[in-house]
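First subunit A sits with subunit B, and in the next complex the same chain sits with subunit C.
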Partner chain A sequence: MTRPGAVALAIACAAAVAAPFLLKSFGIYLLSLWAVLAVAAIGLNLTLGYAGQISLAQGAFVGIGAYCVALLVPAGVPYPVAFVSAGLLCFAIGWLLGYPALRVQHHYLAFITLAFTTLVFLVLRNEEWLTNGIYGINAIARPTLLGWSTGRPLQFYFFCLGALAVIALAIRWMLRSPWGRAFVALRENPIRALSLGVDTRRYTLIAFALGASLGGLSGALYAPLVQFIEPSSFGLGLSFNLLLMVIVGGSGFFFGPFVGALIAVLLPEWLRIAEGYYLMAYAAGVMALMAFCPSGVLGLIDRASKAIAARRGFGAPTLGIERPQP
Partner chain B sequence: MSALLEVSDLCKSFGGVTAVAGVSFEVREREILGIIGPNGSGKSTLFNCVLGQLRPSAGEVRLEGKTTTGMRPCDLNRLGVSRTFQMLQVFPQLSVRDNLILAGQEHRGSMVTRLFGRSDAGLAEDAERMIEFFRLSHLAGQQAAELSYGQQKLLDVAMGFMAGPRLVLLDEPAGGVNPTMLGELRERLEAYHAERGATFVVIEHQMEFVMALCTRVLVLAEGRLIAEGTPAEIRRNQIVIDAYLGSATPPA
Partner chain C sequence: MASFIQLLVSGLATGAIYALIAVGFTLLWQASQTINFAQGEFVMLPAFFVLAAMNMGAPFWLAALIGIALSVAILGLLFKLIIVDPILRQGVLPLVISTIALSLFLKESAKDFYSSQAQPFPTLVPAIDVHIFGAVVSTQSLAVLAVAIVTVVALHLLLAKTRLGRSMQATAQNPALAVILGIPVRRMVLLTFLLNAVLVAIASILVSPIYLAKFSNGETLGLAAFLAAIIGGFNQVRGAILGGVILGVLDNLSAAYLSSQYRGAFPLLILIVVILIRPQGLLGRLEERTV
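What follows is the complex of A and B.
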């Protein structure tokens, strides 16, 4: 990581810890929602941004994770076990959803995953014996972990932030292993990757399964955050919103989902000064950003920093250190 | 010399079009075999069938006597068969070094050891040697997208060699490469062949390049093998001249 990057990261971490102390409970709720949805967006960034597989199913996995916790915890399962179960269940379902991706790509795959989201929504709505249908599940308790209650907004925020940090570090570590390189190869040129011994089938399935499992973990945090869940929260709207976070933040950039989730959660609230027009202003802003910077906010920053380096006379980083050989 | 690769009666049709119509040949250990022929004569389709990218309609491919027909490219690659493509196929967003490490990493350990093992899969030194061998040292940390076409071509070939393959199939390595770079490419291929004793199969249109590099040449036309011989024999072969090479003096 570059020096300015490390400074920016340190400031962002400090802000994430300090901010809730300056906010009222709704502000803390929004920050918690950011942390929760960032987990799901990191998962989608893995599937889409790194491995190049489009998915419109991430919202459905958040739903599966949320219902998993909301059903298991009242049945006497400890929250940590329910949390891990949500991740494992979504890993398994995500693995199965990866099979169509071995056959088709792009908009065909988008429609398969879109139909999956609709299927999950219908199951959540219609299978009342399990999910209580349109009435949803309420009074979902926030967990007490090792004697530490997360019941109050501030405590629950730090629980979500801690979970986000642990998950983000684990994914960062995974992406730095040879797996991360194989995912990028899968995105950039699957045929060449296959000819170099990369088992593209297996990596595609892993990309789907890991992305989905993060959706499930996000749902497992979402249920105790909002404390009331119902099927329509996990429809296509959420999947599109998560896709927006990944793309607006910068698809394939590690910190893209953090920035994207921040924009998608907070910007509409800040734009409330525009009163009745605030969502229109938000939509217009998204259109402008996508038209002028399809690589997202981090893509914009990346381009700008390269342009500044070029103007100062530094070329690509290696040229400054190693001299070209004669 | 024994046969490393045997192809027998290989056929491939796409709908009503027959691209390869019953081709048989063998590749001997340590030779450099050239395959030439007009555009559309089935050379690349033949490669793709041998390497598992396409499933042949009929026929058989054997590696050291074991049938490999229909095997997936990644499994064949791990058996020591490597290739380059006609079109440039490097990973533009990865650095030169990472392109090379990627080309070797799947040959090391299992999925689990790759996840928990070192980031470079223990290949940093191998990659460095390959970078030096192909004289790309000053570019090692740069993204492949920033390299010139000729440099990317060298990287592409280097990736094909990274896992230490015994058989390398090169599909038009000289295509679009300028004469200076072409000389360097040929010299590097010959050096690798001499050092490692690898076996090459080369598809190429650049006649000078093929005739200088290869020890034996096959000629394909319309999906069939029409000639086989040393470069000198192929140059004199009337059928080949009529079908492909053309004659220097117009017929009387």
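What follows is the complex of A and C.
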């Protein structure tokens, strides 16, 4: 990691820790939501940004994780166990969903995952004996961990932030291992990767399943955060939103999902004066970004810092972001 | 039996509308590799153009023409020039993302500038029930079916029988060769976008009396169009027609005979099966790709 990158990261971490003390409870709620959605976006970034498989199913996995926790905890299962099972359940379902991914690519895969999301929504809505249908599940308790209650907004925010940090470090470590290299090979040229001895079949499944399991963990945090879940929260809209987050932040950049989630969660609040028009402004912004810099906000910063460095006559330092140039 | 005929006719009518939307969708894909995730919103919007024109005092037939014209200008020309052209250079994925954002944009504009409530929409013909072989069929379904069939036949004649249509097909199949043959490829691609805009406008006028004009209509309609296009075959116009009709009929029959709660699920299951067994669609050709 280069120096400007390290400084930016240190400032961001300090801000994430200090900010809630300056905010009222709604602000803290938004920050918690950011941390929760960032986990799901990191997962989608693994699938899309590193392994190159477009998925519109991440919202459904968040839903499965959320329902998993909301159903298991009242049944007497301790929260940490429910949390891990949400991840494992989504890993298994993601693995199964990965099989179609082996047969088809690109837009077909987008449609298969889109169909999956709609099916999950229908099951959540119709199977009332399990999910309570359109009435949803309310009064989901926040967990007490090792005698530390996370009931208050501030405490729950630090719980989410801690979970985000642990997950991010684990993924960072994984991406630097041979697995992560194999994912990138898969994205850049699957046939060449195969000819170089990468087991593309297995790695595609792993990429899909890992991405899905992070969606499940995100849902496991989401349920106690909002304390009320219903099927329509996990429809296609959420999947589209998560996809936009990853792309806007910069897909394939490690910190892309953090930035994308920040923009998607906080921008609507900043643009609150514009009332209903903020979504139009956001959508127009995304379209402009796609026209000028499809690698997202971090791609934009990366490009700018390279341009500045080139003018100064140095090499090309980056923000500590590893993305092989095509 | 009578109820079966009823369901079949209304299913055919819905399917014909799906087919129109899906044909436009596949035309765009063939001509410029554009996967238009906003296609459903493209169908939602022209109804509001028509309503706006009628609010200004235009009679229905004039308002419908104005709606189609506005649709051609905005959803055809502007869409091509402002969104597709600059972004297609960046690749297919950015364009997919962009059309997802566009669908959000169109939905919000209809909501903020017109209304968030469902709006009643005039029917083509007065709704009278007709008795055929003991079944009760509404004239509305028959009118929808008639307009859709005429449109599809006209489209087929245009694409297969005229010089213009054959140039468009050549452009879709092999742009490089089409240029060598002296076909103005860029103009043909633009024409495809305009054609799509006409198709979605007609579909909008047909579907809005049934579903009412509402900003959120695009979600179901867009999904139906994707499903129809993929089930039938992404790269064939007649595939999209077949897919649309299958979907409409199946939707009505499964809701009546199997489960109305899961009516949305059957097309999705068929989609998954088709993609797994025959990814090119029922009538589609395999697309080869180079390494």
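Here are a few things to note about the model shown:
What we mean here is this: the second predicted complex is superposed on the first by the 313 of 326 C-alpha atoms of A that agree within 3 Å, B and C clash if a C-alpha of one lies under 4 Å from a C-alpha of the other, contacts with A are read in each partner's own complex, and residues count from 1 in each chain.
Please note the rule applied: contacts are C-beta pairs under 8 Å (C-beta built on N, C-alpha and C of every residue); 3 or more make two chains touch, one makes a residue touch a chain.
Quantities reported herein were computed from a predicted structural model and do not represent experimental measurements.
By the touch criterion defined above, A:A283 lies against subunit C but remains apart from subunit B after alignment on the C-alpha atoms of chain A. By the touch criterion defined above, A:G197 lies against subunit B but remains apart from subunit C after alignment on the C-alpha atoms of chain A. In the superposition on chain A, A:N126 makes contact with subunit C only, while subunit B stays out of contact range. Within the superposed three-chain model, A:L236 lies in touch with subunit C and out of touch with subunit B [touch as defined at top].
Shared-chain residue A:W95: touches no atom of subunit B or subunit C. In the overlay built on the shared chain, the residue A:L244 is in contact with subunit C alone; subunit B does not reach it.
With both structures placed on the common chain, the touch criterion links A:R176 to subunit B but leaves subunit C unconnected. In the superposition on chain A, A:T118 makes contact with subunit C only, not with subunit B. Look at A:A291: by the touch rule set out above, it reaches subunit C but stays clear of subunit B. Annotation: subunit A residues 191-192 touch subunit B in one complex and subunit C in the other. Within the complex formed with subunit C, the subunit A residues making contact are 54, 100, 103-104, 106-108, 110-112, 114-115, 118-119, 122, 126, 191-192, 236, 240, 243-244, 247, 276-277, 279-280, 282-284, 286-287, 290-291, 294.
The touching residues of subunit C, counted against subunit A in their complex, run 35, 83, 86-87, 90-98, 100-102, 104-105, 108-109, 111-112, 219, 223, 226-227, 230, 261-262, 264-265, 268-269, 271-272, 275-276, 279, 291. Only residues 174, 176-179, 181-182, 184-185, 188-189, 191-200, 202, 316-319, 322-325 of subunit A touch subunit B when the two sit together in their complex. For subunit B in complex with subunit A, the residues that touch the partner chain are 51, 53, 72-74, 77-78, 82-83, 85, 89-94, 98, 101-103, 105-107, 111, 114-117, 119-121, 135, 137-143, 146, 159, 162-163.
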